[in-house]
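Two complexes come next, and they have one chain in common, chain A, joined by chain B in the first and chain C in the second.
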Partner chain A sequence: MTIDFTKLHHNFETSLTSKMLPTIWCSGCSLGSNLQSIIRGAKQAGYDFDHDIVMISGIGCTGRASGYVNIDGFHTTHGRALPFATGVKNGNPDLEVIVFSGDGDLFAIGGNHFIHTARRGTDMTVICNNNSTYGLTGGQASATSFEDTVTPTTIGKNDKPFNLVDLALGAGATFVARYTTAQYNTLPRVIAQAMRHDGFAFIDLVSGCPAIYGKRNGYPTGEYMIKNFKEASVEIDTSDPSYLLSENTAIEFDRKVGYTKIPIGIFRSSTMEGKF
Partner chain B sequence: MSELNNQNEEVISNERFDTYPASKRKDRLFVIDRMRCKGCSICVSVCPYDALFMSKKKSTNGFIYPIENGACKACKKCLYACPDFALSIHKVEEVNK
Partner chain C sequence: MLTEEKTKNIKIWTGNDAVANAVRLSRPEVIAAYPITPSTPIIKTISNWAAKGEMDVEYISVESEHAAMAGCVGASAAGGRTFTATASQGLLYMMEMVYMAGFTRLPMTMAVVNRSLFAGWNIWVDHHDMYSMRDAGWIQIIAKNNQEAHDMIPVSFKVSENHDVYVPSAVNIDGFILSHVAGQVEPLSQKLVDDFLPAFDPIFKLDPADPVSFGSLTLPGRYAKLRQDHLESMDRARKHLREGFEEMSELTGRNWGSLVEIYGEENADVGIISLGTIAEETEEAVDILNTMGIGSFGATRLRSFRPFPFEEVVDAARRYGQIIVIDRAYSMGANAPLVTEIRNHLQKANISTPVKSLITGVGGQEVPYTLLVKMFQEVMKQEVA
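For the complex of A and B:
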């Protein structure tokens, strides 16, 4: 057999900016697989990458994603992905606007924009690469870093983290889901559903930063992290309304072993109307 | 470059890719891009068929990389899990010269 090596590109190569690869992301980081799940989701939803969609991200390791994907986008200033996205949507309502950004970007410096964009119900899909840290700047504590974890900006014990599902439900997001990087089989379908949702859709994409936060706090490698996500993920039971209580949506984490409980699933969607 | 693996299958490589016959009917090609792989081993741990193991040698980028042992069913799980867009599956008929 003779192989034409020029044809051995990645199965989603046309959706990537090949010249920019390999990425700057660390070995084992959640980001690459998450980005691939987003590409697969957008394809499943049937969008034409040249005309139908735009990807907006803020600053951070996650912010780099908009440069690796072959769709028009903005790599905006830190914390301001949602104001940019709101402007894009208002300027061209036919575009499907995807925001892919970090927990620091969307919920620390950008937290105010998040609650108000959700409250207004602006039609967009916001996916948070929630790795519970400021990865890019060296692992400082973010609004979703877990209690009792070690970071360079907390002494001893970190404060209680935001529960992003709870926050999004409270702020009025009309589609709210949570999955982890390890659900790469389910994620494209959920992402496609979020993109087709008419209104503000939010996915808490629980992710890891094995190189910095994970190394200090119980999941030292990407390989361990993916196993940890699979073992700790628990599918929610939407037939019992108590699944929406904060204590049932909260993520549990132990500094020695990593994640111990991650409630996953679709917490709110338009097909569930009347339930709330 | 071409050599036989322990399943007596032809493994064809160049300076960037290693290609392995895959799936039950061997009508698929499992491809590893050594220029993109960062050696995380996630592919090895997610493969439901234990078809992969990590090399001892390092790539020119300085990372160990996966090797296929003949059991690959072309299910694509490792491809979706790989954080570095380093794995792909092709139909043999589409990449054969």
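For the complex of A and C:
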């Protein structure tokens, strides 16, 4: 069967670059849904796609996103999305800068830039499609791959992963949130809030790569993954300051079943100023 | 019917498989690497072996190419045999450390799976990445097929670690055309490699019992001496590479030639000089052109770009009536890198053979031998100023 893509319609087709579609993303991947959440969030926040927004991405499966959206984009080199974005924001402060990139790009090869961009508080929204692997090159271990998981570069043994929320809080990000692909209804609202935030906003968007990482590590399909995200997500209780302790923000994972605990919510925002 | 002695052990390996297997046979002690297309399968294969205990090596899963080469610099300084693999932007990103490995004179071998540079975003073969490390003080070897890539790895380790040379070495293979295409490879045996490649015996290493300090402040006079010494070592590397290639040819019965491989008519009217897989395609084109009654054609393939095979290039210019040089890269605002080197040296040697330039095959552009046949005929018409 051949599909005539010109006859297919998409809810957000005016926001996407139709000539680039279909995407390269695998069946079950979080990225399509996450990109849609970003588009919905930007619309909800009231931005004009033709004039207000620039999307910058690094290398990897997520890196492709800047080419798929119908807004100005820069698909940069591996790890360099944040310094590029800093340059763009300083070059034209009227632009709303979104960085959408993966865990490998933002926290391994570009890790140093993350802590410094957060420390400087440059006004931008950074959304990490955190799927714990280098999907595009075939699923090698990244800086957020979990311990005792299998990848082509680590067989059942891995270093400890970064806790991205803890890292962002420690580096001085002024808006820090974590949600998963499964919070499809909540995400646009949170993304809109992050975009309106005046300062460095970070969302750890816990995502899955069932085709490569998941099939080896407990969540073999997209369907299972979404169910897994829903069951493992635990809304944080911000009335108790201990929710900020790193042991309370850490994601827990078991190779046999997938995610076992994902603390989600808004960990820090400007409305919380003076609270701590 | 084949007798038992005549039966060859042939594997169907991609270029990346051929490199990974040769690296295993060369018994490196430390590998620090980061995935990048099209070199990823090399390190993926090796890290698999390391994880399963099938290869006795410290494999470091680093966070970037910069960290990969920095790790290799440290490992080599500590006295370990060291390997890494990369490509394209990965090579550019590690470049600070590539120069450091070269100028600190730290033996190691790196596989560079040649791929174009950003932008646009392109993952296919050309030689812009290779030329970027031209002046970093590394040996640069270029293979034309998977078998040669396999055979060259132990030679690379051996020459790099030779006390008379003592510089790092890169083995280049063309991205996808070799790295991902499977072909026949006759594997080297462990015994052959063990006999060929002695254990790494560092001249200097970080050893508390005999302290040395790498990278300390060096005043201008001594700095110039270090570079001059490096230059002389690279000049000596020519001899050791020739010996290494020839020894490998004797051991395997596969004669790749030496610093260059000559194909077709040795004293042809037109000689084509090139690097890598396009040279193998050129062999086909030469055969066709020789049947067309438009003169005689031959080819000379360079197997080493650094050290540059001066004598062999002069010899080629004396043999051929005119030369066409194929470059798989540009130097914007100037002539392409390989043709520049060749013209420059022939001018120094006072040889006036016309040297014409053909730039093709960048960003994975398809260059079949049928197209080369046409392109060579066009290039022959070029006026040389």
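Note that in this section the second predicted complex is superposed on the first by the 266 of 276 C-alpha atoms of A that agree within 3 Å, B and C clash if a C-alpha of one lies under 4 Å from a C-alpha of the other, contacts with A are read in each partner's own complex, and residues count from 1 in each chain.
Here is the rule we go by: a contact is a pair of C-beta atoms (placed from the backbone, for glycine too) under 8 Å apart; a residue touches a chain by one contact, two chains touch by 3 or more.
Keep in mind that what you see is a predicted model, and the values were worked out from it rather than measured.
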Which superposed partner A:Cys29 touches (first chain B, second chain C, both, neither)
first
Please indicate which partner A:Gly79 is in contact with in the superposed arrangement: first for chain B, second for chain C, both, or neither.
second
Answer with first, second, both or neither: which of chain B and chain C does A:Lys157 touch in the superposed model?
second
Spell out the part of chain C that touches chain A in their complex, as residue ranges.
34-37, 40-41, 43-44, 47-48, 51-52, 59, 61, 63-65, 89-90, 93, 118, 121
Residues of chain B defined as touching chain A within the complex
10, 12, 14, 16-17, 19, 29, 31, 33, 35-36, 38-42, 44-46, 61, 63, 76-77, 79-90, 92, 94-97
Applying the document's contact rule, which stretches of chain A touch chain B when the two form their complex?
1-5, 7-13, 16, 21-23, 25-33, 36-37, 40, 182, 184-185, 221-223, 226-227
Contacts from chain A onto chain C in the complex sit at residues 59, 75, 77-79, 108-109, 111, 134, 136-138, 140-141, 143, 152-157, 159
